[in-house]
């Protein structure tokens, strides 16, 4: 077995998986509370990548930043996370909240509309050309290695950053009052409202957190892969949702696990399967079908008992 | 004189949900043309019993026999086609379909024409369509003027609660069942409506010829209709017999009112 | 027990506790007045075939009124969208299954027909054989996709089918370089270049080779499919589909084999999609991977949802709006007329009473001239450019809207601010909203003239489509011709 290829694929799979996990978290949290497929989530991630790009260039660009490179990176993340968080809250407020009691299909169509709107607004404002993060100029191009495992700075930054964000999210959900309210709301929205929980606020917070994570993932994508474009949100959103479903939708550890599974799978498919780079999405699709058929509630999801 | 034919027979039926025993070793039967009531406190397993009989859940053990043939393992629609129809405790009408369509939809299993025949308006499809409409009108007429006339073409969600219950019964009747399972038909009704339901259940047997198994909390209704009463508690049968026998049974009183009450008495 | 009067005693009197009021709910809300009410009543009284005639007969005269190009752009594409919408309506509207891979079936039909009748494999089958064969093959494919999906509820089905749609696009994009076992290298789909030179359909020697012939052929297909679906919906199968949409468990206990009917709906919708796709592919004389992607999917969903899911007339209306409105946007002049027209009509319809309306319009005009005059005096560069709008609009707009010489950056900011302003206006009410609306409308005109109008063929159309979907769902979740549904979760 070619170990160095294996390690390379693993590293890139973990990087990709971290991105998917962050996107999947947003999907999963929103689904857990509203039972809504937020199709616009992938486009929020795309907007995050662009906010990061504008932050980078607002601070002097990658080659000669106004402040230290690491401070620039942190500011890019902050800008993208706050920007996307606010965007998520606004989307929820205007596109989903009025439809709380409408038929299930209405918010879904509204979500598709928002997705279309964001994507084409980006096309209108930012153009169809790719934009380059030039992250190697910013945070160094040195490839490091531990034994046979080679990795670049943006990759380790992505994996560690994703882990850190997930830890913070887990703490928020598990320890804080608003986290408790989120769990209560996802369990039974009406009962939570009757217990004095401000459900609208909880939903806003959920959208803020989920969208902020997507924004961070957008910046990470820019740092790792360099180029961003207005269409990048769609496929990433699809993968993120797949990750959420594979892990068990509504479950936060499930979203993380699902993200890693999808990322690694895609990476190994590229390396080991026939015509893997062309058909990687098909392989992911096949695994999704298999998981749903064997465990419809996902790897870490709980099966809901049907009440008759 | 031979014993009346056993229409529905449950033999040693048991069901658990993840370690929680909801029904255990239940034997009970319903004879042809009988009205049997199932009573018991909340959580006694009454609705689960219905779900087992109609095939929504599959029993872990035991056998359910309808007219001499086991129905365990059949899908719900197959069981309904064999002649078991039910209503739901929490009403489950097709709310956005019209009153008449609700009753027509329940005749899917007893008709055969394909969608292609329907699109081409072939003779069989048209004949069946006429029969479906006629039977639906007949079943709705069973409830007097309540579900007649302009109401046919109104969506089911526009009906009052009591009329929704009536429509559910009409829908169940349209599957031409041999045995009707009514899950708390008088729940949420006012005294006049409850009174009416009691008479209706009698009519369902005397005029429509249905055998009836009914879950009911209202003891006036149970007293008024039942040939036989079965009392459940924690998934076990604790008493069976005529209404008076069961109502005075010590274990039944205990199940409803708690053990202290019986001791004091 | 108290002797209550039995409810049948006095049937004429409404009583507390009975449902007269609830029962008349539908009549009370549905009684509309004015022209729309009159049209609605006439429409309701028409027999089904009458309704079909109202749509088809005037349409049949269109070829005599329009140029070939306009016939294609406005009429033919509308009919194609309507046909695609009818198939989707079976799956989504009747059976309530959220199929997001629907367009792949249309694509499969187009590619399938292309393989049977194009130089790619040298085949040229007669259309009376090829089109039914393709439709049946697509229905079988729908059945295969439905098989693993039949246990999936709602959103899981949506995601699996969405992925199937993506898989289809990936497949046709790359199926020119797959090595099949036994057959070796086969170029099945032409890869990214697609299949080209698909032959026009040839029925028993009669070739559909002109726009006009295509138009009548598709119109006839539409009328036939519509009629067939009307009967299907009123049959036991149609009722069973709607019953399972309403409550699958109750349907199952009421003798409806739910799984089988879901599969049937899936295959049925796919078959219709394949049928439409075959004609569509031959009309476009080619099948290309990019055509059958999410863009078309959303368009067809918009057609079905806009008109009202489950309503056949709604599909036709939705197709007309979704196809014709963006088509009008393609020319800058029409686009401007449409843009300002819609804004003006909305204001005229929504601002009441007349006095307020007059003050509002006057204020709007005055505001624009004031801003323009100030800018003209202080920063002449802001008013230096010429308007994109032509015709009678050109003069007033150049005097009213700011047209900077280098609009790119300032218009970008204007766009973002405009979105924020529109969202803000929806949150205000009363006179505050009216006051805020004045600069918002002006800003809208500014962004339109300087940014949106330059992209009318591309991004702008799709932005407006997206915004339209969101706005419509907010205003009327059941669609234009749909009836409000009650859903109990």
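First chain written, first letter: the chains are A, B and C, and each begins at residue 1.
The working rule: a residue touches a chain if its C-beta (ideal position, glycine included) is under 8 Å from a C-beta of that chain, and two chains touch if they have at least 3 such contacts.
Fair warning: this is a prediction, and the values are worked out from it, not measured in the lab.
Asker: Give the identifier of the chain nearest to the protein's overall CA centre, each chain being represented by its own CA mean.
Answerer: C
Asker: Which chain lies the greatest distance away from subunit A when centres are computed from Cα atoms alone?
Answerer: Farthest chain from subunit A, going by C-alpha centroids: B.
Asker: Suppose each chain is reduced to the average of its Cα coordinates; what separation in Å results between subunit A and subunit C?
Answerer: 30
Asker: Quick one: subunit B and subunit C, Cα centre-to-centre, how many Å?
Answerer: 44
Asker: Report the inter-chain centroid distance for subunit A and subunit B in whole angstrom, where each centroid is the mean of the CA atoms.
Answerer: Centres of subunit A and subunit B (C-alpha means) sit 49 Å apart.
Asker: By residue number and range, which residues of subunit A touch two or more other chains?
Answerer: Residues 308 of subunit A each touch two or more of the other chains.
Asker: So which stretches of subunit C touch two or more other chains?
Answerer: In subunit C, residues 249, 485, 487 touch at least two other chains, as defined above.
Asker: Specify, in ascending order, the residues of subunit B that touch 2 or more different other chains.
Answerer: In subunit B, 56, 88 touch at least two other chains.
Asker: What residues on subunit A touch subunit C, complex-wise?
Answerer: For this pair, the touching residues of subunit A are 31, 35, 37, 90, 94-95, 98-99, 102-110, 112-121, 123-125, 234-235, 238, 241-242, 245, 275, 278-279, 281-282, 284-285, 288-289, 292-293, 296, 306, 308.
Asker: Given the complex with subunit A, which residues does subunit C contribute to the contact?
Answerer: On the subunit C side, the touching residues are 92, 98, 148, 151-152, 154-156, 158-160, 162-164, 166-167, 170-171, 174, 178, 249, 294, 298, 301-302, 305, 309, 412, 415-416, 419, 423, 426, 451-452, 455, 458-460, 462-463, 465-470, 473-474, 477-478, 485, 487.
Asker: Spell out the part of subunit B that touches subunit C in their complex, as residue ranges.
Answerer: Against subunit C, the touching part of subunit B is residues 54, 56, 75-77, 80-81, 85-86, 88, 92-97, 101, 104-111, 113-115, 118-121, 125, 128-129, 132, 144-146, 151, 154-155, 157-160, 162-163, 171-172, 175, 190-193, 195-196, 220.
Asker: In their shared complex, at which residues does subunit C touch subunit B?
Answerer: Residues 1-2, 4-8, 11, 17-19, 22-23, 25-26, 228-229, 231-232, 234-240, 242-243, 246-247, 249-258, 264, 268, 483, 485-488.
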